[in-house]
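Some structures to go through are shown next.
Look for chain A in each of the two complexes below; its partner is chain B in the first and chain C in the second.
Coming up: the complex of A and B.
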């Protein structure tokens, strides 16, 4: 126990990091489900994604291998692309309908 | 593969059929003729002719001195105890059929080249004709019941295709359908017989079945006879016997060479061949034998009487074919299988000749088939006339023509055999008298007297081309000399061997002998003289009534009494229509269509569809179209999966 803080973050007491991951994730979920604008929903998705990234990095550190970190780098790239496309779609939707409120878009009602 | 030549014999016509079929399809697709009828006719003829030549080689060289040879190109099935191979068997019985079928087929293929010339779908015609030969060879050479049955159905199919060859005319298409449906009824009997035999015997090979019934018949007397009768029902369909003969006269709608090949010489004799093939079974089933005998005799007389009053040249020949087939069944029913096959071969010669001759006449008359408008064709078509006359003499039973030897022996066997009966002999003799009469009536009305057709037809009259007259000469010659392979000892005094007897006897007496009653030679000579006398009487009556006819014939619509009955063919078609076809039709429409199909089956199908629609409607409420609801479902599902993994595993 030379580095109590490090142990608190990484070691058997990794409860802190896991807590951060879970909190981030559920904030993302809540944002996705409850916020009514598409832009916020997209942000929620990003939050969830980053929570997952954080957990990957944490477990990578825990198991002393680099695979998880490499995967997280890749996820960054993919997420960046996804955001670019997502925002472009949202801008287009806004131009077409003048709103980005999600309750407008219910064409897929069964 | 041993004896692969046999396989080549069978497969050659199929190759021709496939090639010609491909050409026909290509022509139809491109809408123009790329490979003309000359090529396909030559192809069709050469494959069958090659089969014929190979058959001669196989029968006389490969099989010389042997009881049988066989070849197994393919192992078909192996289910439980049943091992089924596609085996082609050439024994003495199938050898005779093989030579007859390939030989007559080759001649008729050659004739067809001239006959079908100019028809827009002649390539298709040759393709069907080749396919028929293939199916017939399967039927003849198959050494087990299923292979035989495949051939049996195959010839039925080709018969249907060729009767309805000119399918654009409703009447001809209907005739094809009639033939197919009536044959299906018979085939059902054949199938039942086959099942019955398999259930009790456990094998389906022909030798196995025959041996079973000959050596250790463990079927009861009743079921043995039922099996025999079931198979014979199949034969009545294919070989046009009472009660299923009605399709054959209608089958004359097809091209005339088809009538000659399929509906006179080969396919319709399949039933006779089948009965002879299973002689082991039939000899163990005396009641079935008796049924064969009586049905044959009644058919022979029945259709001979109908033929007396028919005016269509091909219809007369059709009823004559039915009658002659009856004679063959009489022989088979009396246990004289050799004679049945002998008459079958002779009939193939003279009836093919008669049909081809009638084809030549129709060709010369420009499509006219009614003999009331013919007459005096002798001087216009000498070759046709002479060959037609030869064949007529043969079928009427004048010595020394082909039909004399076979028909006389049939009557003798029916008279003397332990399975025969004197009454049946009398019926057969009457039928023979009828035969001689209607055949000479046909000859006199067609070739003698003055021409009764239109002036235009008379101007058009001509002898047919060489491709048609050469086959006529071959078959006419065979009608004259063909019977000499079976001269009875009584006439030759042992100086000429009775080839057909010596050749066939071992093959059909392997499974039991038939008792022939002892009569003195005087009786035998007497009966022979009687059958010659019958032929002469028939000829004489016909000559006195129709020889050198100058007057116009009576219009058949004014007939009364018996002539009216005969002209209308005993109203059998009408009776079948009223009592069988119409009830089935109304049953089908009222019950099967309107109730069971429309209400029950459609109701079930539609009901299940609308039921699922309703159930799906409930679940579709979940699809709100709101993407956040979907997100919620997803999280909810993930949570459930998570809990499940955490607590259940």
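Coming up: the complex of A and C.
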């Protein structure tokens, strides 16, 4: 039985998928480090979580095992919690200081 | 070339392009749109990898709920232009090339591992692509596994969700001196 997609996923699709995962993860890290806005940092974390999800689902398909998919569903829930709490904190900070640029938050500087 | 494989490459490239838009676009709304495109492309990749239910959840939860929340607050906050006029930190010229080198090193190591003797062959003998049940990742198998084997994790994560709701309400209700807002 010829199954080109299965052959691709087991064979040369692996390096493509893991390359996409690594590139997306490093773009997320760079967004978190270099962009100086709180919402940008939050979106960088979201991109990192998405990259990890892709690798989980790829290996779940590779090993024909559903554990990776369940774990990625748990990551969805954690990401939703993180965004809800993070945005509440950002709104409070904005109401207090009038900006969401992180370099202006110097009150905690020792 | 198989259509699914072609679309897999296209979705991967679109995901990376969306991430780059998030990193380089000056205006936050454009960055959020790039992230949204990246998430939708990843949903397509999940669907090709037979994780159909996860693909649907990705569209509904990530693209539908989380990104809409972020875009809503981007529009609500009405960010002044000086927040993103100087949009990159000072350390971009020192840490940026280091990060790039680290990423290239990781991909190179991965390439050598995948090209190493027998890795791909071991994988393909351990997992035969023909043994590919049609309903793998479908909603029936998925929910059966979620509600039997992973029932504790499911309930635990619902507790986490509840704790997050309580945390958000208490953050929004109290003012900076710990008194209740009205």
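Quick note on the criterion: the second predicted complex is superposed on the first by the 92 of 110 C-alpha atoms of A that agree within 3 Å, B and C clash if a C-alpha of one lies under 4 Å from a C-alpha of the other, contacts with A are read in each partner's own complex, and residues count from 1 in each chain.
As a working rule, a residue touches a chain if its C-beta (ideal position, glycine included) is under 8 Å from a C-beta of that chain, and two chains touch if they have at least 3 such contacts.
Predicted, not measured: the structure shown is a model, and the values here were computed from it.
**Student:** So, does A:91 touch the first partner chain B, the second partner chain C, both, or neither?
**Tutor:** The second partner, chain C, only.
**Student:** In the overlaid three-chain picture, which partner chain does A:15 touch, first (chain B) or second (chain C), both, or neither?
**Tutor:** second
**Student:** State whether A:37 touches chain B only (first), chain C only (second), both chains, or neither.
**Tutor:** Only chain C is touched by A:37; chain B is not.
**Student:** So, does A:29 touch the first partner chain B, the second partner chain C, both, or neither?
**Tutor:** both
**Student:** May I ask you to decide whether A:50 touches chain B, chain C, both, or neither, giving the answer as first, second, both or neither?
**Tutor:** Once the two structures are laid over each other on A, A:50 reaches chain C alone.
**Student:** On chain A, which partner touches more residues: chain B or chain C?
**Tutor:** Higher number of touched chain A residues: C.
**Student:** Is A:73 touching anything from chain B or chain C once the two structures are fitted on A? First, second, both or neither.
**Tutor:** second
**Student:** Overlap the chain B and chain C contact sets on chain A and report the shared residues.
**Tutor:** 29, 33-34, 103.
**Student:** Touching residues of chain B toward chain A in the complex: what are they?
**Tutor:** 619-628, 631-632, 635
**Student:** Provide the residue numbers of chain C that touch chain A in the complex, in ascending order.
**Tutor:** Against chain A, chain C makes touches at 2, 4-5, 8-9, 12, 15-16, 19-20, 22-23, 28, 31-32, 35, 38-39, 42, 45-46, 48-51, 53-54, 57-58, 61-62, 65-66, 69-70, 73-74, 77, 79-80, 82-84, 86-89, 91-92, 95-96, 99-100, 102-103, 106-107, 110-111, 114, 120, 123-124, 127, 129-133, 136-137, 141-142, 145-146, 150, 153, 157, 160-161, 163-165, 167-168, 171-172, 176.
**Student:** Can you list the chain A residues touching chain C in their complex?
**Tutor:** Residues in contact with chain C: 1, 3-11, 13-20, 22-24, 26-31, 33-37, 39-40, 42-44, 46-47, 50, 53-54, 57-58, 60-64, 66, 69-70, 72-74, 76-81, 83-85, 87-92, 94, 96, 98-101, 103.
**Student:** Can you tell me which positions in chain A touch chain B when the two form their complex?
**Tutor:** Chain A reaches chain B through residues 29, 32-34, 41, 102-103, 105-110.
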